[in-house]
Amino acid sequence: MPGLFGVLFATARRDLTLVWKRPGDSLNPLFFFAMVASLFPLAVGPTPEQLQFAGPGVLWVAALLAMLLSLNSLFMSDFEDGSLEQLLVSPQPLVVMALGKTIAHWLTSGLPLVILSPVMALAFQMELEVAGVLMVTLALGTISLSLLGSVGAALTVGLHRGTALLSLLILPLSMPVLIFGARTVSLAAAGDAYSAGIYALAAYAVGALTLVPFATSAALRISNS
Amino acid sequence: MWTFLKKLYHQLASPPHFYRLSPTFILWLAVPGYLLILYGTIAGLVYAPVDIVQGERFRMIYVHVPAAYLSMMAYMIMAIAGGIGLIWRLKLAHAVAASAAPIGMAFTFLALATGSIWGASTWGTWWEWADPRLMSELVLLFLFIGYMALRGAIDDTTRADKASAVLAMVGAVNIPIIHYSVEWWTSLHQGSTLLKEGGSGMQDTAQLYPLLAVIFGFTFAFGAMLLRRARTEVLIRERRTRWVKELVLSNEGDL
Amino acid sequence: MTAKLSGHDLTLVRGDRCLFTGVSFALESENLLVLEGRNGSGKTSLLKAIVGMIDLEEGEIRWNGRPVREVRQEFFGSLVWVAHRTGLKSDLNLVENLRFESNLRPESRHDMDAVLDRLGIQRLRKLPLRSLSAGQQRRVALARMLLADASLWLMDEPFTNLDREGRALVLDLVKEHLGRGGMCIMAAHQDIDLDVATQRVMLQ
């Protein structure tokens, strides 16, 4: 038996290889994030005060929507070409493979957002420290969003109109992540103590990491029945 | 005692038994339920003394509080019944979960509407973002919408049951976190003094008793509605089975 | 003596339709089970029920006398499923696809070259699967099956997209597998006539 880490690694590596062969697909959410974030100054107004006020919320909502956009494809191609069925009858635990796929999803859609976020933060006239806080909150928050999204993607895989449905399922669940993420950045921007929000995000991510893969694997079995 | 409970459980868990026994339960829940609501509504809306701080508009609580409490209760029942159905493969539990969703959604909507009307007359705004209870209730409505949408999107009943059960359980774990996060969010706003107004308290037993009556009354009525819906749901789900066919043939007019 | 794989009085309902009822089988080593029936008669569903993907209304599948649900991991370790969809990634090449599977099955065979030669796909190693024909992709799926080295083969319409030579190859492989003490369940809408102990289940 290969160790569970071996299975985790093998599943994640396959998805990463697939992204590597078609990099365009995973870049789309990143461009979406940049574009949505750039739309807001046009709508809200260009003065530094307006940008600083709207910045944390706008960047967080844009990141949330970008994550949502990328989730649809998490299990879609696996479902279509039958490799999901093969995972279901694999001798390895499905929980671990589902987690492996979610990790690969985060690395290809969450992590790029985190890396791009300081640039966007500067465009919204944030100070360097605040940009750092944005990065940390996004790093922790997108982990939770990838995990929550994996349940939604697993529940809706193979359904018509899956994309809109996925948003309906995931948006209410992701509200705590959004609140903690955006408010923490706002607090940091206002010069207040912000560490509580980061702890809450970290706790949420750890909790999601331990519980959600089980829900995802159960959902995958159900969707394929 | 134990064998009796076990027997009762097996009888209730089997759809034909449930169908046969449920009218008794419905009657025992509905009659006291609606009587309590009748008493509570009349006593609360007409006879209870006016609140010193809020005036006449405090009477909204006689609908708002039971609705808000039952919306949460319905979600919990939905999640727990779904979990039972998933783990012990109990078909009846799934029927109960499916029946709880629309009732819970209606109560959530009622709680939001009454809360909003109360807010309009108290705070002068139809929607107060800074009220954590109203916000949690809104998220609950979204969770119900998602649940119903998922059920509607899956054609196969068995699969819809299981998938929505997973969703309900994930949501149930999230509800306390959502509530906590919304509270944290609103506590950061300046001028949250508005919130304290909700806790003016019950000074008079003439105000309190009708409230207790409507809370228990609504709960019993909810139980009756839930069983009634579940009864119909069971009949639809079991339509291929022999007992339903026999039932239909034996008393056609009386379903 | 209990059979290796058995199902007794199986009933499967999908939606409103009862696909089959009263289906039984008991499979020993060196046995072939052929599932026959028209399109939509429930052959694929029965295969899915055997691997536990869909629930049976009545009846139970047993592996070595124990319900499959209780010994799922062990059961999955001894079976390989050649499904209707190949389960291969069209953006990856043959070697990458097969290597993923062998990472999940460490006891699998490591003589990949011999298997690829046998199936006549050695020269396609480096091509992405997308550029292969449907029949060639089938052969890759067969290669995965051989490399898994499982005792129970579940094959859903294995002849789809294969030429005459490919079909003969599948039959040869099955015969060899049974000769080594393996088992095979095959869903097919054409006549399978092999010189082995064969059970047939006719699904209406």
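Letters A, B and C mark the chains as written, and numbering starts fresh at 1 in each.
What we mean here is this: a residue touches a chain if its C-beta (ideal position, glycine included) is under 8 Å from a C-beta of that chain, and two chains touch if they have at least 3 such contacts.
Note that this is a predicted model, so its numbers are computed, not measured.
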Study note, to complete from the structure: In terms of mean CA position, the chain most removed from subunit A is C
Study note, to complete from the structure: centroid check, CA-based, most central chain -> A
Exercise for review: Could you put a whole-Å number on the gap between the CA centroids of subunit B and subunit C?
Suggested key: 48
**Study point:** Inter-chain centre distance, subunit A versus subunit C - centres from mean C-alpha coordinates, in Å
**Key:** 37
**Study point:** Averaged-CA centre spacing for the pair subunit B and subunit A, given as whole angstrom
**Key:** 32
Point to revise | Interface hub residues of subunit B, defined as touching at least two other chains | key: 158
Study note, to complete from the structure: Multi-partner residues in subunit C (2 or more other chains touched) are 55
Check your understanding: Which residues does subunit A have that touch at least 2 chains other than itself?
Key -> 225
Check your understanding: Where on subunit A is subunit B touching in the complex?
Key -> 148, 151, 155-156, 159-162, 165, 168-169, 171-173, 175-176, 179-180, 183, 187, 196, 200, 204, 211-212, 215, 218-219, 222-223, 225
Check your understanding: Which residues of subunit A touch subunit C in the complex?
Key -> 1-2, 6-7, 10, 14, 17-18, 21-22, 77, 80-83, 85-86, 88-93, 221, 224-225
**Study point:** Footprint of subunit C on subunit B - complex, ascending
**Key:** 155-158, 240
Practice item. Flag every residue of subunit C that touches subunit B in the complex, lowest number first. Key: 13-16, 18, 55
**Study point:** subunit B to subunit A touching residues, read off their complex
**Key:** 86, 139, 142-143, 145-146, 149-150, 153-154, 158-159, 162-163, 166-167, 169-171, 173-174, 177-178, 180-182, 184-185, 188
